[in-house]
């Protein structure tokens, strides 16, 4: 179950007020399948099930979020009224296609990480407006870490904070105001700032837009001061599936990639009426 | 102006209830810029302006939807409270990045069409749930045609309709039920069906998943019967930027491509605080 | 099925927070009927069924939208808790009464059209705010055409457009911006403008506020130029059930009448508890 | 001021996502007027002002709710962007036309009441779903009484209550459960029930569906027992502008008429661009 | 049944987008109980049932709103999926605890009233924003009167009205504008104003912030003029459980107490998983 | 600024559709003050300002959230239309009174903590449905820690998790599924479980419903194993202002108290029209 107070908005967006297109057909019982037309990692079944439930369509679900699918694999066997199936089709496929695209790209990136590495792949706040919860769950389905959900979760001190108020005073202010349930993360662009942040006991240090060499230098500097294991090291900035391999042997804890979402392609998933 | 009853939902999604992250900084007047970090066609300025207005940020906008931007081009000069700028940042950039990605891909595809061709590039209903209106407008910004908005706009008789009730009775039923303000489109997969549809005076024929050769054959058959100019010919199915050139010399009216949206990448657009 | 994200708003409007009025009675199983107290054409059963479903009331429905009812005809046999029936009563009747009034007036107008005429009766955008989808469907139930749903469906160039920018440039601009899925309609008040519009290949010409004689003259002028059959002729402006007969022999394609809605009376439909 | 959380829903209903129709014109400053094309009593200016405010249109309002207008009277002088005026036009006119229709019919009925009579005209709960607050205010604008707003306001014991649980026990239960701030009304169909209700000290007795003679008899019976002045007498059921005169000399306190709303016609109100 | 269009908002507030906390456990069938940990009067079962229904949890309810519970009394036996029970837990308990707290305090106050007194305890408009309907129903569950629901129910002329426009003209204006279904209440702070209001035939007089002696004097003055039984006397202002006994022998009709809500404590109600 | 998409809902709850009560007075400019009638710590000014803004009331605010107020201290000087001030009055006061009550109680509890203690007072998820964000911010205003916002923030393994799946497997599962941005908290009821949790490197251990002695024993056991400083110790369960002093010398990190909200009383805050 997922919380979908917006389900009817999504449906209305696609149906409008008088969907002649769907109601052309006689409203008889109909069988259909939803299947993948290409290899992928599945995501979006929670919202897909809600849509099918909404339209009163019976279904058998053969795979779960996170499962690997081959071309032709049937995700759902459907049994419902013809009109309802036509109405549910596009919205269900749009969710499954978009979200499985994110899960699949995430999984590809996760699989680039060497077996025994502690490095994990994570998303960012670069998500499609209105769909963050779905997209973060798709990242999880692909084996990634969702990262913080919004600006009120864990605190991140970013370049714009530093520019406005300076790093140390930003950290002090954050520590004064953060709940004990929250972690504090600091985005740094230099070794010096990384050392300052680690010494001030922040939980996470994000090395932003650094080259692999700069990252290695920074981690070495932290190790030299015995600070490496006291913080979680996140690296970020312009990392995508293409250049990810340059960053996987650096022993960072986290590689966060907006590209999991903003460079993902939809998976081709289709619905077919059984004749 | 655009209708955005959902603006506060988008904002709440990103801010949560207590955005320490933004309110760390002293709430002083601040200047900033939003700029493109790569070449692109701009889209999303309507919703961007609404977000900036919502947060009380003054702005000067240097480009409009549809304009070509080079790397480094400044889209907005901003002048507002530091806290408000930090709050508006991510949501504004997510919209601009996502929508400019769609506009840019659309424009690339449009530019593949030869100069004097009548062929146009169009979107489909494969849009991100909740964002259809924004994405259709981004396609327009890129020089494309938005196609129908939802199932209650123009009528499309699709394969699933044919499978359930047969082509002719589907067309007859559609003609009986469609408003005089609406066009009727028929998706066909064979020359015979194309001829039937054209003879029955439908407005648009979509040649679905045909190879270039099959399309040429079908159009020839229509011409032979003097039906070509009575219908709008749309071709669709698996066409993307990569294989588009195979379809541009066929003299179709419309090439519709779900890939304008589902294979688009976000454009890298950034906000920088002026020190 | 119809999309009714607003169902609970409608219910709350009528019930308030503590409907002592309904909960006075012991909450026992109860039978009841909903019946027409006067002749009418039925409309509104989709939303009526949703309301009954919402309150968990079992029903048998004896007529469908568009059916002719005589005084006393039972539309629904109901079986549910007494409290639920009292709660559902007014809202269900308000919808059925209002919408059947529109369907009935539409049908009366449709029946004024001679048997073999191609002329059809259509609604306009003069609909009760918030209820457009229900009212357009009621017009369809009465045998009418719903006309475009909103300003983003087909394009209509109206007097105010002409006044601001001139007819030709308005048409050219519309043709440049309209999707291939949309029709363009032009509202004209003179023969000359009708000829201009037809020559520019618009889809629909609306002859606005013309007398029958003026309409006949305009159609003749179009015929003389061989343009009549290339356009749909819609006539509009101040036409109601009373003067409709003056317009039915003119061979227009469409007579659009705001009065289908704004001069309709509710049908007297009632709910009676079975003792 | 009025509470209009639904304003954007109303606007979206009429505009859709891409109103080419309105945006054809250059977005220049424009003047326009809204005026009545027929005699009427004005209503709906509160919501009209909100719509104009929403679109940033400056206005001068020359009449208020409840004022009498002659054909041609200008209600608003408008000054705004051309696009905004076209966007605001239909929704504003739909509200003003519908609500002024109700106010005008109410005023006509009120004026049928003799000068020195204490009888007042009131609405019922037969209102258009979603628009009750606007319609009740239009009845007030026409000089009528809005009656209770919903089922949680004052309590009315109706025929269906009597049928289910008997009159006396319904009244006793209501008195036990009603707040001291609420009045209790009882709908009766016989002299005996009227006497029972009056003796049990209800606040209002509604004589439902009685002929003028039956009403007079009932009032006489109440007078004979000295109960007439202890209760408010409301008469109701099938009363409209046509037969109202049969009921005005009976000395009832209230004549409630669903027909104020369900037999009202819209007033013809128009917007004209100034050239 | 209760109208709960906001149920999903409440749930989302507590769950967020990815409630690992609840989904840690295997989603097996589970039994649980909801029970009171202290003596109380129960309230909130309507909304509790809706929450349980929403999560698909079967329940047996052993007590109703208004029932007296001892420590340990089981309110609900639950039977559902473990995950659903964990998800429903906090929201259900928050409602039951908060609302039973109000019902319990109300009952304590009601029980301070002597047996044969006509005085009743009532709430005010000092309710928690967003929860008025639930809190008013909790007051009813505790044996209290809900008082008017909002500013559009019965009319109260308050000190600020008197200060702005004077008492008499405020009453006259109210009488001119109030529906026959509504009562008029006047808040007074002096004997003179009470006499004025009673002579002008208002329905309810609220003696605001008067000491017991002042109240007795005012009631005597009304009795001396034969006006006491023509009005409902409400006393209000700073009355809480602690000083209530000073006011119970004064023979007022109503003692209204904002403190029923704003000094109530939540009742400790708990959910326990059965091992 | 705060995100308040629900502002209009709150206003409509209090105003209804036709607030004669407020509109009795002539709508003239008016001055007024909002002031505290008792000592308190202020909270709720963010939402108060939004309400005043909504009604177009000018204000000068003399105190901020978290400030100490004495009886009589003026919080706002208001300047607006009389009708708007009356409309804004109750909702503004209900928020300020309720939230300042929470801030004041929180501050009292915080002040019981000895000066140099590291112990902090925190809220829980026992918050009034729909108002969590406001109440958590009020706790912050009172000097408390808001604790996690909802079930998707930091993870808490509670008794019901242990009962269903055992402590160790619950922790392992949580560690597998939690984002690197989140903390894991474990609720324990015994020394053994505390040691298990600490050894498994959880971030926070909540000692639930333990007596001061049991808490001291548990902390000693953790110290003995060198684990004390590796975890945050939170104590919880039945702690309120009355017994708080028994827990303040134990050197816990956090004392969390549902009673900050569920035993808070509203502060008496009032609005007075200036004559």
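Going in written order, the chains are labelled A, B, C, D, E and F, and every chain counts its residues from 1.
Operating definition for what follows: a contact is a pair of C-beta atoms (placed from the backbone, for glycine too) under 8 Å apart; a residue touches a chain by one contact, two chains touch by 3 or more.
These numbers were taken from a predicted model, which means no experiment stands behind them.
Chemist: Quickly list, by label, the chains bordering both chain C and chain D.
Modeler: Shared contacts of chain C and chain D: B, E.
Chemist: Work out which chains are contact partners of both chain B and chain F.
Modeler: The common neighbours are A, D.
Chemist: If you match contact pairs by residue number, which of A-E, B-F or E-F shares over half of them with C-D?
Modeler: E-F
Chemist: Tally the contacting C-beta pairs at the A-F interface and at the C-E interface, and name the larger one.
Modeler: A-F
Chemist: Quick one: superpose chain A on chain D by CA and send over the rotation angle as a multiple of 5°.
Modeler: To bring chain A onto chain D, one rotates by 180 degrees.
Chemist: Counting shared numbers against all numbers at the contact of chain E and chain F, is it over half, same, or under half, different?
Modeler: Same, since most residue numbers here occur in both copies.
Chemist: Please compute the C-alpha centroid of chain D, do the same for chain F, then give the distance between them in whole Å.
Modeler: It comes to 45 Å between the two C-alpha centres.
Chemist: Just the number, please: Cα centre separation of chain D and chain E in whole Å.
Modeler: Computed from C-alpha means, the inter-chain centre distance equals 31 Å.
Chemist: What residues in chain F touch two or more of the other chains?
Modeler: 9, 15-18, 87, 132, 146, 149, 152-153
Chemist: Return all touching chain pairs.
Modeler: The list of touching pairs comes to A-B, A-C, A-E, A-F, B-C, B-D, B-F, C-D, C-E, D-E, D-F, E-F.
Chemist: Considering only the defined contacts, which chain E positions touch chain F in the complex?
Modeler: Contacts found on chain E: 6, 9-10, 13-22, 24-26, 28, 30, 82, 85-87, 89-91, 93-95, 97-98, 101, 125-132, 149-153, 155-161, 163-165, 170, 173-174, 177-178, 258, 262-263, 265-266, 271-273, 275.
Chemist: Sort out for me which residues of chain F touch chain A in the complex.
Modeler: By the definition above, chain F touches chain A via 120, 122, 145-149, 152-154, 179-183, 185, 204, 232, 234, 253-254.
Chemist: Any idea which chain A residues touch chain C in the complex?
Modeler: Touching chain C from chain A are residues 8-9, 11-12, 15-18, 55, 83-84, 87.
Chemist: Enumerate the contact residues on chain B facing chain D in the complex.
Modeler: Those residues of chain B that touch chain D are 1, 3-5, 132-133, 136-137, 140, 146, 149.
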